[in-house]
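Shared between the two complexes below is chain A, which has chain B as its partner in the first and chain C in the second.
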Partner chain A sequence: MDRIFERLSDIVGSDYVSNAAEERFIYSRDPGVQRPHEPDYVVLPNTTEEVQKIVLLANEEKIPVVPLGGGLVLSGLSIPLKGGIVLDMKRMNRIIEVNEKSHYAVVEAGTAMGMLSAYLAKHYPTLKNSLPDAPPVATVAGNVMIHGSGHLSQSEGGFHSEMVTGLEVVLPTGKVVKLGSCSTVPYWFSRAPLPDLAGLFLGWNGTTGIITKVGIKLYPRPLLNDGLMFLTEDVDTVPDIMFRIVNTEMCEDLTFFITPKPAMFEGFQMTIISITANSDKEMRLKKEIIRDTLKDYYESKEAGFVPIPKEMKAFLLEAPQKNLSAFADVRKGGGFEYVGAIIPVEKIPDAYRAGLEISARNGITYSLGGRMIGRGHSFMFYFAYPFNRADEDDMNRVRQALDDTNHAALKMGGIPWKAEVSGQQLILKQMWPATYEFMQEIRGLLDPNGIMNPGNWEVNP
Partner chain B sequence: MKKEYADIIHRCFRCGWCKLPLNFKDFNCPSYLKYRFESFSSGGRLWLIRAWMNGEIQTSERFAKILFSCVTCKNCVEACAMPKIRQYLVDMVIAAREDMVEQGVIPPGVRDYLKAVSISGNAYKMPQEQRAIWADGLDIPLYSGQEYLFYVGDVGSYDEVGKKMARSVAMLLKKADISFGILASDEITDGNEVKTLGEAGLFEQIASQNIEKFKGLGVRKIITLSPHAFNSMKNEYPKLGGNFDVYHYTQVLNAAIKDISMAEVDLKVTYHDPCYLGRWNNEYWAPRSVLRSVPGLELVEMDRNMQNALCCGGGGGNFFTDILGTGPDSSSRVRVKEAIDTGASVLAVACPICYRMLSDAVKAEGLEDRIEVRDIADIVNDAVAV
Partner chain C sequence: MNDLKFSPDVCAKCDTYDCLMKCQYMDFDLESAKEERWKLIRGEDTRILYDCVTCYACEEYCPYNNHPFYLIVERQEEKGIHPVPKPIEKSQIRAMAPRGEITPMKVHAPVINMCYFPMMLGTIRGKLFEGASAIVGSDIFCNLMYLHFARNSVIKERLPRMIENIQKNYLEPSGVKELICYHDECYGTYTSWAPAFDIKVPFKPIHLFEYLYNRLLELKTEIKPLNLKVAYQRPCSNRLSPEIDHFVDDIFSLIGVERVERKYDHENALCCGGVFEAQQKFDLMEQNQTRNVDDMKEHGATHCVFNCPFCFWTLSDLVSQKGMTPIMMSDLCHQALGE
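Showing the complex of A and B:
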């Protein structure tokens, strides 16, 4: 038997290691358009100690280790570009603690966002976590590691990585560290007031260590939720509309979208304002304040509120939105990939125009839109392109469109989020050189053998 | 693979909604719950089937295990985000099994099951003469024009808990003055598992044989013990010319129970939805209604109930082939712990396969002193006896 396979089996049990063709096939790709690369082994650890042992083995054998959460990033960040071990973390999905009064949960890295949400709904019905638009099997650790965002990102503190209160990480050398208050006291309430080391693992695409536990902030769960939809045909007004709504501090989530289908929506910029409240009175008041702030727009007939059809409201207020996954079937082809660019709010019109131009140039359809991050601090603008998985030419067109979009996003002053390797290279080429050198120095210190998800965040993978 | 499925299989996005129930409580795909590799999830399996069709992976023992460990519970169908393809997800797995059966490369457990059914007329390789042992002493007539044929099936005829269940149902049908008869040694398997295991030809043969027999006897209405037989006779037999009014026994009981006098009981019960009654046939209320008719019975729900129910792990032929296997992450063991969480002392079932799977799981978990698995008819019978 393969020596490494045998040693991995000794660590996690033979049921949870595979080097079979079937697993190598599935773990060589994600649902997006990035090219497949096969791992040599897929391993499903159950404890931090097992992760530690696997990392020590990988160092000894000088083989890559690629951590995998939900596997839903779409841009191939957990595709093992140089083979090695894919570490599927989803067996480690225990919810370790919920601190109700201090509003945080501590979960193992493989805990699904949806499962945490269901757990809170049952045991702590006054609390909730911010949910990304990804399917509910997206993991908490995977999402914070890529700077994900979600339905509380506007109202409750920005990116999910900013909601992290502490981490447990297995370093590339096998050392286990705790970061944040949990390093010093038995509570996971915050990263302050200590030196903030969590940033060494957030946004690094698994190149600096393997997150095994996460402390994540929880938020109040109001009793009611409802929504308003505001329409305009003039995209140049969208930043101001968003700015005004944000400044009322009356909404929970603020998103907008543009889609060519159904035809009734074509040409309109649709802003969705999600509102929560604990009473009808509060809900009415919040709506009134939001309406008032946009009064001159709708009185001038330049834009206006429109009633949201009941069925549409149900899915718009749903978190996560199942309908977004269904976008993959627009081309009857089972796939889409997107560039989610983090841009200044005022660049929304530029992003919109770029999206239209790129999709037209590449002969593909699109969905454009995004979410306000923080109280108007930045905007996650997605350029989503569906493709037909059975049509390689179609996938190539989408690959080209994604590349064009990465260029456009950087040109307008944004940065592609969770970019695929080619997108990462574009970012690094534009990055302040000393910053890139600093990144590489940190990686060199943390990961002397270069085993952690190699190929990512490298100018020359 | 049939063209209708070959043309759509690439439309699975592998987004993973299919792993969870609609309320996200926990992993709800039994094979994924057990093995935890993406390849054993519904989406992973479909992607592998496509790769197999395209020659990107070859037929192997591992692939067969992945294919045949699907319990056809339809959680994926319920949870899938793709409205245009979701109803075909399990059909595509069954179609791939058919291809594999045609190639003659199937796991030994599947082969043995199909051989047993083919040769003996039942999965247990037992003599047909022993089919009606369960009815000893009950004075149940052979079918000869009564209003209903009571079709018991393999598990009800040969498995110990199945036999107990068949007796309970028959006794209750008698108490309700329902006119019925049985086929006894003339009964053969219903074919539902044969079909889901991919032996389409054998299924047609079995179904046609049953249809001919039923028609010959003048059967118009059928009561089935098992939701699996209910499914095949209700949904598949009509395609072969067998048009009967088919009922699961809980549906007949639900209509008759108002006429049955029962005494007060003191029982806290949780009910496990069988996939072939629930997700396959949308019958969630009749069993609950029967249970609620028992005076004093408190019915409490598990977190995963109705469309969200976790399968016992015995569907899709796994009850007989045991490809899904046992262990702490097997869905039956997870399910009984979920039942314990409700505080119920009884886990009610309406399917002989669930009955056996969950009874064994209670023993494996050492929970015999905390919860008892009981068939709905048995619970009602006790109330009648009181």
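Showing the complex of A and C:
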């Protein structure tokens, strides 16, 4: 029997390691259009110690290790480009601690967003976590690692990586480190006031270590939620509208979407303003303040708040948004991929026009939209394109559209988020050279054998 | 073609000025009402065109059935006035456009016209609607809602096709002569708006309330009196057919329900506020809704009865928050039959 397979079996038990063709097939791909690469082994560890032993083995054998969370990233970040071990973290899904008064939770890396959310709703109904618009099986660790964002990103501090209060990480050499307050005291309340090392593992696509535990901020869960939809026909007004709404500090989440179907939405921009409150009085006041800030727009009759039936409102306010899953089947044959570019807020009109132009040029349909990150500090603009997985031409058109979109995003001053390898290369080509060199020096120090998710964040993979 | 049957002479000779003096949303004294009325007749700019909240009520107030509200809407459109922001108007016109998907279908009387409320089809059930056929969809939608958008032109363009769709695809091939209109808006379209614009209606429209009353009479022995005190939320489009209002009392009498005598009912009814929201008149919406629902509560209603689904969606939360039960008229009748 395969020597490495045997040693992996010794570490995690034979039920949790596989080199079977069907497992390798499944773990060779994600739901997007990136081309598959098979791993040699799939392993599901149960503890940090097991992760540590696997990493030591990988170093010894000099084989790649690719950590995997929910497997939903779409851009292929957990596809093992150079084979090796896919480390599926889903068994490590324990919610270790919730500190109610200090508003944080500590979870293992395989804990799904939905699990944490459900746990809080049951045991700590006054608290909630920020949820990305992904299926609930997306993991907390995977999401913070890719700089994800969610329905509290506007009101509560930006990217989910900015909500991290501490990490436990298995370094590529097998050393286990704790980062943040948990390194010094038994509490995971923040990364300050210590030297902040968490950034070495956030946004690196698993090339610098394996996150095994995450401390994540929690937030109050107000009793009521409601929403407003502001409809515009001139995209150039959107940055100002967003700016004004953000400055009221009255909304929880601020998103917008553009879609050619149904026809009632084509050519319009729909800004969705989610509001939470603890009383009807507070809700009314918040709505009034938000409406007042856009008074000159609606009095001009060129834009306005749309009355939304209750059922539609519930649909618009749900977190996470399920309609993206439905969008995946627009082309039948089920699939979609998107470039989520992080852009300056004032570039929303440019992104909108680029999205329309690229989808028209490539003969594909689209869904465009985005979310405000922080109090107007940046904007996650998504360019989503659906495809039929059984139609290679269709997938090629989408691949081309994604490439075009990456170029367009960089040209307008944005940066593709959780970019696929070709997108990463575009970013690196534009990056300040010394910064790229610094990144590689850090990787060399942390991962002398180059085992961690090789092929990512490299100019010449 | 399809010009409004409005008589300037009749209007000019009217000395009641009821259309303006009774308006609940614009303030006039006799002098200003006279002055603004002349401007309206002559097609001049008048504050009526900007301040009108499109509640339809002046159609009821006019003692001569001279269609003051339809005239206001004509003038608003002529002058390019948009009561609702333009993107919302455009979006709604697209949303409710006929899809051209209608196909002939055998129906049998009673045929219930559910307008464009497919989500309400579930109410066509039980003994009340035994043997009924229900028709619904964008291809039979009356389009009268565009009165709120100052777009008579959309109704003029679409309505003849809708009428033809109903007649040619459903009623005529099945030998049915009558159409039960679930929504006041449809009934008002066929009995008021269409004649006012000289559009022929080949079938006989019957208001839902008349149908319910007659059906309840047939089922009288099975009625279990509900012994409720209810407030009735009269919809804007019922202003086009005020002669129907007595059926509310007749139905309530049959099912053992008391219609509370409150301030904002009958001729003094208040708009649900949904249209005010579309018109971005948010303060008016909240004030109106609050005084309306408070009035229901103060007069001892335990239930608020609706016939318009849009009114129901707009007001039901507030009604519930005040401790009353929002309910559609058809569902109230189902309850009285123990269903």
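Definition applied: the second predicted complex is superposed on the first by the 461 of 461 C-alpha atoms of A that agree within 3 Å, B and C clash if a C-alpha of one lies under 4 Å from a C-alpha of the other, contacts with A are read in each partner's own complex, and residues count from 1 in each chain.
Throughout what follows, a residue touches a chain if its C-beta (ideal position, glycine included) is under 8 Å from a C-beta of that chain, and two chains touch if they have at least 3 such contacts.
Predicted, not measured: the structure shown is a model, and the values here were computed from it.
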**Request:** Give one of first, second, both or neither to describe whether A:A20 is in contact with chain B, with chain C, with both, or with none.
**Result:** first
**Item:** Dominant contact partner of chain A by residue count, chain C or chain B
**Value:** B
**First, second, both or neither for A:G150, with chain B first and chain C second** = neither
**Request:** Identify the partner contact of A:M264: answer first if only chain B is touched, second if only chain C is, both if each is, neither if none is.
**Result:** second
**Request:** Considering only the touch criterion stated at the top, classify A:G340 as touching first (chain B), second (chain C), both, or neither.
**Result:** neither
**Asked** A:G206 contacts which: chain B (first), chain C (second), both, neither?
**Response** neither
**Asked** Of the partners chain B and chain C, which touch A:P136 in the superposed model: first, second, both, neither?
**Response** first
**Message:** With both complexes overlaid on chain A, does A:L231 touch chain B (first), chain C (second), both or neither?
**Reply:** second
**Sites on chain B touched by chain A in the complex** = 8, 10-17, 19-20, 23-26, 35-39, 44, 47-48, 51, 56-58, 60, 62-63, 66, 81-85, 303
**Item:** Footprint of chain A on chain C - complex, ascending
**Value:** 82, 84-88, 90-92, 94-95, 97, 119, 274, 277-278, 280, 282, 286, 313-314, 317, 321
**Fill in**
Within the complex, chain B is touched by chain A residues 15-16, 18, 20-23, 25-27, 31, 42, 44, 70-72, 88, 90-91, 112, 114-115, 117-118, 122, 135-138, 322-323, 325-326, 328-329, 332-336, 388-390
**Message:** Please output the residues of chain A touching chain C within their complex, sorted ascending.
**Reply:** 231-233, 262-266, 268, 280, 284, 287-288, 291, 298-299, 301-307, 309-311
